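Before anything else, here's the structure in question.
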Amino acid sequence: MASPANRMPRGLRIASTLFIVTWLIMAAFPFFWTLWGSFKVEIDFFSIADWTTALTGDKTKETYGSPITGAGYYGAWVQEEFGRAVINTFIVCFFVVCTSLTIGTLGGYALSRSGFRYTFWLLMIALIFRAVPPITLVSGYLLPFFEWNVWGILPTTIIVLVAINQPFTLWMLHSFFQSIPKELDESAKVDGCTQFQAFRRVIIPVMWPGVVTTGLFSFLLAYNDFAVTALLLSKENQTMVPKIASFLGTTQTEGNVMFAVAAVVSATVPLFILVMFFQRQIVGGLTAGAVKG
Amino acid sequence: MFLKKLALASIMTLTASSAFAACEISGRVSIVGNEFPAIHAVANGAKECSGGEVKANLTADHQKINVAGMSGNPAEYTTAIIANSSIAALMNENVIRPIDDLVAKYGQNLKKNQLITVSGKVMAVAFMANAQHLVYRKDILEKAGLQPPKTYEEMLAGAKVIRDKGLLQNPLGGAYKAGWNLGQEFNNMYIGHGGEFFKPGTAEPSINNEAGVAALKMMKALSEYMNPDFLTHDSNATSSEWKAGNVAMMNMWGSRMEPLKDPAQSEKVVVENTTLASPMTVGGGSTPATTLWWDGWTVAKNISDEDAAATFQAMANGIDPSQLDSEMSTLAVWLIDGYKPTPAAVGVFAAAKMNATPYPMLPFIGLLHTALGAEIVDFMLGKESAEQALADVEAAYTAAAKEKGFLK
Amino acid sequence: MKHRTFFWFFLPTATAMLLFIAYPIISIITQSFYTPHEAVLIVSEVCDPFGCKEETTVDQEATNALRVSKPAGNFVGWNIYLDRGHLATTEVAEAWRSREGLGDFFNALGNLPFYRAMAFTLTYTFVVTPMLIIVGFMIALGVNSLHRQLKGLVIFFSLLPMIITPLIGSLILFWMLDSRGILGSALQWMANDPSLSMKASTGLTWVMLMVYGVWHAAPFAFVVFYAGLQTLPQDTLEAARIDGANRWQQVKHVIIPHLMPLVTFVALIQLMDNFRVFEPIVSFNAEAHATSLSWIIYNDLQGETRQLSAASTTSVLTIIGVAILLSPVLVRTWRDFKGKT
């Protein structure tokens, strides 16, 4: 892009940089604000009296003797055992991503390589499946799951999340596989490979950029899900998001909002590490050009 | 000195006896219920029992899973902790059993008024009570030269004085969030005006009347003195406003009083001046504009008799008078024998003393409550008349009640 | 690919979807045509800690007898679809007959839950979807022209609004947008109106929800477009440049056509997601001003007495709505598909 002949005119470059900077502020500011606020007490951070107390931390100082306190983190991690929810979340995410990608890759590959008319209809049906509001699905699961005695445990939730996520995974992987030239596996089949061998030897090595991106979305779905995890997991198996929601209190009883804020910040840290770690795959992988048409 | 020691010793023996209380069960106990400290205390008490497994799943989503979790055979949950608003759902689905025999056998420590009976059969055991009542800021009322209000009319007039004197811009608070909270405020106000929700003996609504209109008009008048975002304020947000010192008077849950007076959460001046009072009346009526609530536990129908007996014993142990130590006493307004009201409980007791109306245990009240929460919003926003809003509530309720088979 | 091979490749994913999506859909559809049995009501004495009184209760034995005789419930046909909580045909016809002008008719429609929800849902869908595609595209172009070393960091921060849980992301913004929060105060200062509150007026609440919608979903469009930009055929771009195409012409004639399939994909997914808008309404406590179809389902399942049939009916209506909404895109995909084979 940055070849000398195509260098941006100055005005445009300034405009583009300004736009990106504005966007970054919009995207990141709420999180820095939350990070800052997580070290205050509720009345300061929510600044019901005046927003500047969130900066100065008057009440925090009054209560803890310093404008910064780790009380929210202590409460969330030690008192409420947020760590268990973190472990549960990672178990759920790991298995959801693996299962979802395994069966999704097979299905998406098949859809992209079969020219019959039913593949179109299968894709359409998958799309309709995605249109069902998850809360309705989940309330339908409750009764059978209780009867089969599988309610509340992690494997059930994992399978449900995989299934709910399949339509999206299929669509995404289907498009990625379509951009991998058919000649590749056709020629492997001419050389005497079965379809599966062709898939394994020729397609698998070049499919990673698409798979990583799809995996990222599967991960986010599992990580962020509330509708399924809130209703299908028992208290001790809860993942992070329902756990955070449970800190917020109910009509008749006071919650512990600062635990929730500290937990929100804690829940974002692994995402930060993950994206930093996979950044090269996400950016570099896509750049590698395996998806060049 | 000697007396003090004696008292201490007797308390020690009491606590000790509770820890070693002979609670021997033979069966499975599995609890589902809401999550707050008082219920945790009860569940922990139940877990003291030995001889059988005692599990508890306490979550804010308990109402969504309890019916499904008790429908199987055998039921996953052997007991559900519910309130007077939610017991109807379990009875409608026929998943809880009458427990008269168990009360006779194992319920020696229960008071008569803890037993919830329907058509002469004991269906649940109540252990704590709750109600909304007035809270006010002594200092602001003094500055404005006001007496604590006994009626909503006085509250309204007081709010005007406080605003005119420039003491507070929005002196009133209230959990008026659209949905359940707003519906509940209507219920209070309607009961205060002497209204009846249904035609006697039927499921037909009867709220579109003078009492209903008066209730709505009073709510609208009060909302003029609230934070303009009042339709987004649930009781959490209202409490926060109070703690920050922005509000002088509000009608609030008894169970939320303790944190308001916590110096770590509230401004100093708020802690010192927050005063609890009895609920107010409205429109010249004598019934206070509030509802009484209880929380209690039930026993599932689809379980073996051994498990039912174990469940009853364990839960009875959880609310045994011997469990009431100084820590547990502050968690709720207990209905348990021997409970000494704490300062945070005076509002709820005052409500009960004034013969406040309990929240109705009708099978279809939940549908009306939902309809109210959704349909009176337009009136509160000034988009339609009170009569139209009430007609909409009745229409929405009727559609829902027909679907659930309560109306033909 | 042979049918047989296709079958084995597709079997695992098909099984998962059949069991956990197709089967529940069938039961949802069935449920929307059935209601529970009539409850036999009797008046009996009810005692609680505050005293005894006569109250209406359900006669369990009589109701159970009904239940056992017909376990599926009452078949009611289209009744629930047509009742006031859903399509409200009677009420709509009545409003049409007694209208005093179109405005009056639309007001009457807005008083019915389904149409009120549709008004917000459709506005939201058709404002947010194009906006997020445009914003996402612009971010992708901007990031693409950045220095290599900066890209990683910028990408991470750009992804934040998407990767944070919607329930929590919107909660954070809700706190900040309070009239005394930092953003709320900033807006008051900018508008020079100290009584401005985003949460108190219907119009501003809609704006707030839509801005949140764009903020939350633009990163998704950005990531997809950014990936597409990496595969941009450099020779075509070079050729356009040699032909003297300026920057805008390059974008219009080379980049946008290249990204078109991705735009279709993003539009497809986002139209669907925006039509099912739900979390922001709950987190922003916005139900006084804005409701959506998904919110109605949630509300039906939320109360003390859960309305399963009503929720199922709204779910079916949502699926139909999505199908109608996506049909232009689907027709296009069908043509592409036929063109290829």
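All chains are identified by letter, namely A, B and C, in their written order; residue positions are counted from 1 within each chain.
In the analysis below, a contact is a pair of C-beta atoms (placed from the backbone, for glycine too) under 8 Å apart; a residue touches a chain by one contact, two chains touch by 3 or more.
Worth saying up front: this structure is predicted, and the values here are computed from it rather than measured.
Colleague: Select the category (line, ring, star, complete, other) that matches the graph of chains linked by touching.
Modeller: complete
Colleague: Closest chain to the protein CA centroid?
Modeller: C
Colleague: Can you check how far apart chain A and chain C are, centre to centre, with Cα atoms defining each centre and the answer in Å?
Modeller: Chain centres of chain A and chain C, defined by C-alpha means, are spaced 18 Å apart.
Colleague: Can you give the whole-Å distance between the Cα centres of chain B and chain C?
Modeller: 34
Colleague: Just give me the whole-number Å value for how far the CA centre of chain A lies from that of chain B.
Modeller: Chain centroid spacing, chain A to chain B, equals 38 Å.
Colleague: Specify, in ascending order, the residues of chain A that touch 2 or more different other chains.
Modeller: Where chain A meets two or more other chains at a single residue, that happens at 46, 48-49, 139, 245.
Colleague: So which bits of chain C are touching at least two other chains?
Modeller: In chain C, the residues touching two or more other chains are 178, 301, 306.
Colleague: Where in chain B do residues touch at least two different other chains?
Modeller: Counting only residues that touch two or more other chains, chain B contributes 64, 180, 234.
Colleague: Under the definition above, what is the set of chain A residues touching chain B in their complex?
Modeller: It is residues 41-43, 46, 48-49, 59, 62-63, 139, 142-143, 145-147, 149, 151-152, 230-231, 234-235, 242, 245-246, 248-255, 257 of chain A that touch chain B.
Colleague: Can you check the complex and tell me which residues of chain A touch chain C?
Modeller: For chain A paired with chain C, touching residues are 1-2, 5-6, 8-9, 12-13, 16-17, 19-20, 23-24, 26-28, 30-31, 33-34, 45-51, 54, 102-104, 106-107, 109-111, 113-117, 119-120, 122-124, 126-133, 135-137, 139-141, 159-160, 162-164, 166-168, 170-172, 175, 179, 195-196, 213, 220, 223-224, 226, 241, 244-245, 264, 267-268, 271-272, 275-276, 279-280, 282-283, 286-287, 289, 291-293.
Colleague: Using the touch definition up top, name the residues of chain C that touch chain A in the complex.
Modeller: Listed in rising order, the residues are 1-3, 5-6, 9-10, 12-14, 16-17, 19-22, 24-25, 27-28, 135, 138-139, 141-146, 151-152, 154-169, 172-173, 175-176, 178, 180-182, 184-185, 215, 219, 223, 226-227, 230-231, 233, 241, 247, 261, 265, 268-269, 272, 275-276, 278-279, 293-294, 297-298, 301, 306, 308, 311-312, 315, 318-319, 322-323, 326, 330, 333-334, 337, 340-341.
Colleague: Can you tell me which positions in chain C touch chain B when the two form their complex?
Modeller: For chain C paired with chain B, touching residues are 35-39, 41-52, 55-58, 60, 63-64, 74, 80, 83-85, 91, 111, 113, 178-179, 195, 197, 199-200, 202, 284-289, 299, 301-307, 309-310.
Colleague: Can you name the residues of chain B that touch chain C in the complex?
Modeller: Answer in residue numbers: 63-64, 67, 84-86, 88-89, 91-92, 94, 113-120, 126, 129, 177-180, 198, 200-203, 228-229, 231-234, 292, 294, 335, 352, 356, 358, 360-367, 369-370, 374, 377-378, 380-381, 384, 388, 392, 395-396, 398-400, 402-406, 408.
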